[in-house]
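First subunit A sits with subunit B, and in the next complex the same chain sits with subunit C.
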Partner chain A sequence: MSVVSYSFLLFLLIVCLVYYIIPKKWQWVVLLAAGIVFYAAAGVSYLAVVGLTALVVYGCSLLMQKNLDQQALLLQDVDRKAARKIKNEMKQKRKRVLVCGLIVVIGILVLFKGSDFLIENVNVLLSHTVHRQISAWKLIAPLGISFYSFMMIAYLVDLYHGKINAQKNFLKYLTYVLYFPHITQGPIGRYDPLGTEMFAEHRFDYDMFRKGIWLMIWGYFKKLVIADRIAPFVSTVIKNAPDYSGPIFLVIGIVYSIQIYCDFSGCMDIVRGSSECLGIRLKENFRRPYFSRNMPEFWRRWHISLGEFFRENVFYPVSTSALFLKLNTAGRKRFGNEWGRNIASCLPILCVWILTGVWHGANWNYIGWGVYHGILICLSAMFEQPIKKLMEKAKINTDHMAFQVFQMLRTFFLCLIGRLIFLGNGLSDSFYMIGSAFSRPQAAYTMKLFVLRRKEWAFALVCMLLLLAVSIAQEILERRGINMTIRDWLGNRNVIFRGAVLLAGILLILCFGIYGAGAGATFIYEQF
Partner chain B sequence: MSTTRKKVLKTVAGILIFLFLLTTIINLLGPLLRPEGQDFDGWHYFYAEDNNTINAAMIGSSAMYRYWIPAQAYEEQGFTSVMLSQSCQNIRAVPYIMEETLKSQDVDLFVVEVRQVVVDLAYDDEMTEEEKEKENYYLSILASGMKQSPTRIRMIHNLLLKTETDNELEWQIPLLKYHENFFEIAREDWINRLSEGKSLYKGLRVRTTVDPQVKPSRFPDVENATFELPDKGKQYIEDIVKTAEKYGKQVLFVATPYMYSEARFPYQCALNAYMEEKGYPYLNLDDKQTRQIINLDYGVDFYNPRHVNYVGAEKITSYLAAYMKEHYQFSDKLNEKQKKEWDHAVSAWDKKELQYRQEWEENCKQASAVGTSEE
Partner chain C sequence: MNEFIEMLKRVKPGIDFEHETALVDDGLLESLDIISIISEVSEVYGVWIPSDEIIPDNFNSAEAMYELVQDLKEE
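Moving on, here comes the complex of A and B:
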């Protein structure tokens, strides 16, 4: 069931009604039932896969919790030295359980998402030998497997570190996993505080409910009116990239950047909005990423939950590992303190980014994209101080708005190149598009090349400008330290103004959105 | 009343007003976004007519709108009529059309062309997906311009065929189905849709092309009936009769002449026999006596085997209008301003007729030249 379908709206309405009518101690049961129905709509067999994986994780979590409880008992009235020894021993035992759990979760993820890619590449090697090629398994991945797998991993890791207590009720744990707003596209939630909030009793809060609706409307506007309107242009050109040449690829990069932002953040708004209708807040996953002044900032604003996951579960463990410490020491000896540290830090950064690429899919374009961003982040870290010194020497005011705008445009341009790597049908297509983008076109461009009619482009442009205006307003509020969102601002306006804005928003979506029979609206990130 | 209670009531009232505004706008936008084309404009012209100014509602498929000239009927017999006919109009939709008509026009007579009974019966019972989609397309011609109402809701619910692409919710809320037309509709058409939109020629839809036909060797006279009209066909007629009785209105069934295919001929005979047997008010414009009076020239009065051109339509209109005037009472519904409007329609038609006459004569020459060269 897609969140942009009529059935989802009806489903949400029914869930909300039942959720607030029944006794509050059973509200979590409604969420569980809703999650099962929502997920089963995609296929009952997939529900079985999620359920089994959740059962394994649940079993591991109980073992780890038992270990933690034992540890707590053993640590009573012992000295520091003994306590350290006990903690290490118990941690080792917990680690074994953690590893088993991770093997199952990651194994299932790799099986569904990566098996064909691995087979394809093994076959490339085998083609040079006498051995027979392996036939692809063509497994269809369960919906949202990348998202819920990472949630399960985060849960196990947090439990391993003793940051949370295990959920002892399997059905409640399943409720958390199958929570329908976030299961297909995230955000990748952490058990704390989401788990606690999910099982608390929720009275109907009209203010939160209506703000949830407003957020959903904003999400539908971004997704259906902007993203899906401009999508045909991108898909037509990308499908036949070698037939095009010249700056049209720059235009594609810009348009796709807007499309993917509106598509993904639009979905997040719908998901968060629908969760707020149930009184449960989900973390923001996008914070106006195109206002970023450098790549590290961009990745703190784009798909925030994924960035946090990789930071905590890949970057920190790798950068505190024995290997990294050895590299760090060797690097400092060779290149000096600063450069040595920077070069050594490239290892965990590249690990994170290769995995980020692989997470999107087992495809050389995604891996290439990950490596590209990894290199950019490494370069950003390495040259941050030298560039800062250069700016100071040149007496350039880096806080001036003009300079900040320059930085934002620069960051956007770097992302644009990344998008072309991401989009290509194979790396050769991507390199062709990037190379051709800065050359002269082989033939003059006509309106037909841009797929959409003039009217549609004009309309899309107006909507993008509206999005930009709202985003600028939000950014200004945040930079001024004003703890108020656009929704809060709207909530403080008079009822007629609010009603007019809401009416206009809904009518814009109904009149100009891409939806309905034949529209086939899907989300870009749903495939991951 | 406590403050909280007042607040709750205020909120509920606000939500209801908001929902009312939203649904009103959605309902208004739906017909406005109907696809382009004369077929889709029928209801627009109907709603544009002043209330209770129409004497006769002409219902049917192209078997009606290609055969009837409203301005001519007014000029010759002094009664007004409105075209409520579209391509391949579903015969099962007729009761709903009658219901919708009576909401704004207290007509004296419904005239229902029954060719679609025969077309429907001659079709296979098992429809392919493509045929269902086609049937639904014809329903969309009828439904898209219709105002939102329980009549429309029931009509769609009962007549829409289940296909992979047709979602009933989108049909019931036309804005959902036709919103993409915002970018399709031309500027001039927008102006037309937003303006008053009364049809200058009162729904005229005739053609001037000529396709010579061979006069049929046999006609669907009652004595040629070889079987009884199937129950399905009887039900169609009964439903229309019941609807007319329910609203206390008279209905005249009409069959217009065309080249009967092998498949349709026996059903046409069966229908004619059934109508005679039941004694329903039925005018078969192709029966022995009538066709001699109308005297269609098969060489020049048709533009294709199933429809007459404007010359044939003039002959049919002349006869049918005289018949209606003779057999039915038409009340005087027009004030001075409205009479002027219809007089204006007549003058417009007279001017148009001269142009059509020229075109038709030219087409006759071409048709006869082609005929000669083929010989």
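Moving on, here comes the complex of A and C:
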């Protein structure tokens, strides 16, 4: 069931009604039932996969909780030295359980998302040696497997570190995993605080409910009116990239950057809004990333929950391992603080970015995109201070708005090149598109090349300007340290103004959204 | 504490470690700076800060970092 469908709206309405009518202590059961219905709509067999994986994780979590309880008993009335010894011993035991749990979760993820890629590449190797081929398994991955698997991994790791208590009721744990607003495309919600909020009793909060609806409308606007309107242009050109040449690929990069932002952040607005209708706040996954002044900032504002996951579960553990700390110290002694730490951090950064690429799917384009961003992040860290000094010498005011806009455009351009790597049908297509983007076109441009009619482009542009205006307003509020969202601002207007905005939003989506076969059916991130 | 602040200034010059109380929250310290601080702490104090201790509360001020190091030292 797509969140962009009338059936989803009806489903949400029924869930909300039942959720607020029944006794509050049973509200979580409504969420569980809703999660099962929502997920089963994508295929009952998928439900079995996610259920079984959750059962294994639940089993591991109980074992780790038992260990933590024993540890708490053993730590009573012992001195610090003995306590440390006990903690280390108990942590070692938890590690075994953690590894077992991770093998199962990551194994299932790789089986569904990576087996064909592995077989394909093994076949390439085999074709050079023995003339035998392994046939592809062509497994169809369960909906949202990359998202729920990461939630399960974070849950196990948090338990291993003793940061949370295990959920002892399997059905409640399943409720958290299957929570319908976040299971298909995230945000990757950590058990703490989401679990606590999910199982608390919720009274109907009119203010939160209406703000949830406004957020959903904003999300539908981004997805149906903008993203789906410009999508045919991108897909038509990308399908036959070698037939095109010249700066059209720059236009593709710009349009796709807007499309993927409206698609993914639009979905996040819809799911966060629908969750707020149930009184449960989900983590913000986007903070106007195209206003970022450099790449590290961009990645702190785009798909925030995935970035945090990799930072906490890959970058920090790898960087703080004995080997990398030694490298860091040696590097800083040899090359100075800035260069030393940056050189020592390159390998963990590249690890994170290759994994981020693979997370999107086992595909050389995604891996190439990950390596590209890893290199950019490393370069950004390395040249941060030298460039700062250069700017000071040249007496350039880096806080001036014009310079900030230049930095934002530079970041956008670097992302755009990454999008072309991400988009290509194979890396050769990507390299062709990037190379061709900066050369003269072999054929003259006509409006036909741009697939959409002139007035469609004009309308899309008006909608993009509206999106830009709202984003700028929110950015200004945040930069001025005003703790208020556009929704808060709207909530403070009079009822006529609010009603007019609401009505205009709904009419805009109904009249100008893209509907019909093949439109609005899937989200880009749903396939990951 | 003064020595500790001097060490922090060596690792990340140009930051007012005496008074800042939102080093991570305000983006003054980034992940690479935190790793460098951990590396320097392990070198100077012989204390290894595990990755699960890397949370904003532990790195938002020099005082919080100092307390963390003392706690780990005493353990």
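One rule holds for everything that comes next: the second predicted complex is superposed on the first by the 512 of 528 C-alpha atoms of A that agree within 3 Å, B and C clash if a C-alpha of one lies under 4 Å from a C-alpha of the other, contacts with A are read in each partner's own complex, and residues count from 1 in each chain.
In this text, a contact is a pair of C-beta atoms (placed from the backbone, for glycine too) under 8 Å apart; a residue touches a chain by one contact, two chains touch by 3 or more.
Quantities reported herein were computed from a predicted structural model and do not represent experimental measurements.
Applying the stated contact rule after C-alpha superposition, one finds that A:R341 touches subunit C and leaves subunit B untouched.
Of the two partner chains, neither subunit B nor subunit C is touched by A:G51. By the touch criterion defined above, A:R332 lies against subunit C but remains apart from subunit B after alignment on the C-alpha atoms of chain A.
Of the two partners, subunit B and subunit C, it is C that touches more residues of subunit A.
Once chain A of one complex is fitted onto chain A of the other, the partner contacts of A:T320 are limited to subunit C, with no touch recorded for subunit B.
Using the contact criterion defined above for the overlaid structures, shared-chain residue A:P232 touches neither subunit B nor subunit C, since it reaches no partner. Once the two complexes are laid over each other on the shared chain, residue contacts for A:R311 go to subunit C alone; subunit B is not touched. Of the two partner chains, subunit C is the only one touched by A:K163; subunit B is not. The part of subunit C that touches subunit A in the complex is made up of residues 10-13, 30-33, 35-36, 38-40, 42-43, 48-52, 54, 74-75.
Only residues 6, 206, 453, 455-456, 459, 495, 499, 502-503, 506-507, 510-513, 515-518 of subunit A touch subunit B when the two sit together in their complex.
Residue ranges on subunit B touching subunit A, taken from their complex, read 11, 14, 17-18, 21-22, 25-26, 29, 165-167, 169-170, 175-177, 179, 182-183.
Chain contact summary for the complex, subunit A toward subunit C: residues 80, 83-84, 161, 163, 296, 311-312, 315-317, 319-320, 322, 324-325, 328-329, 332, 337, 341-342, 344-345, 381.
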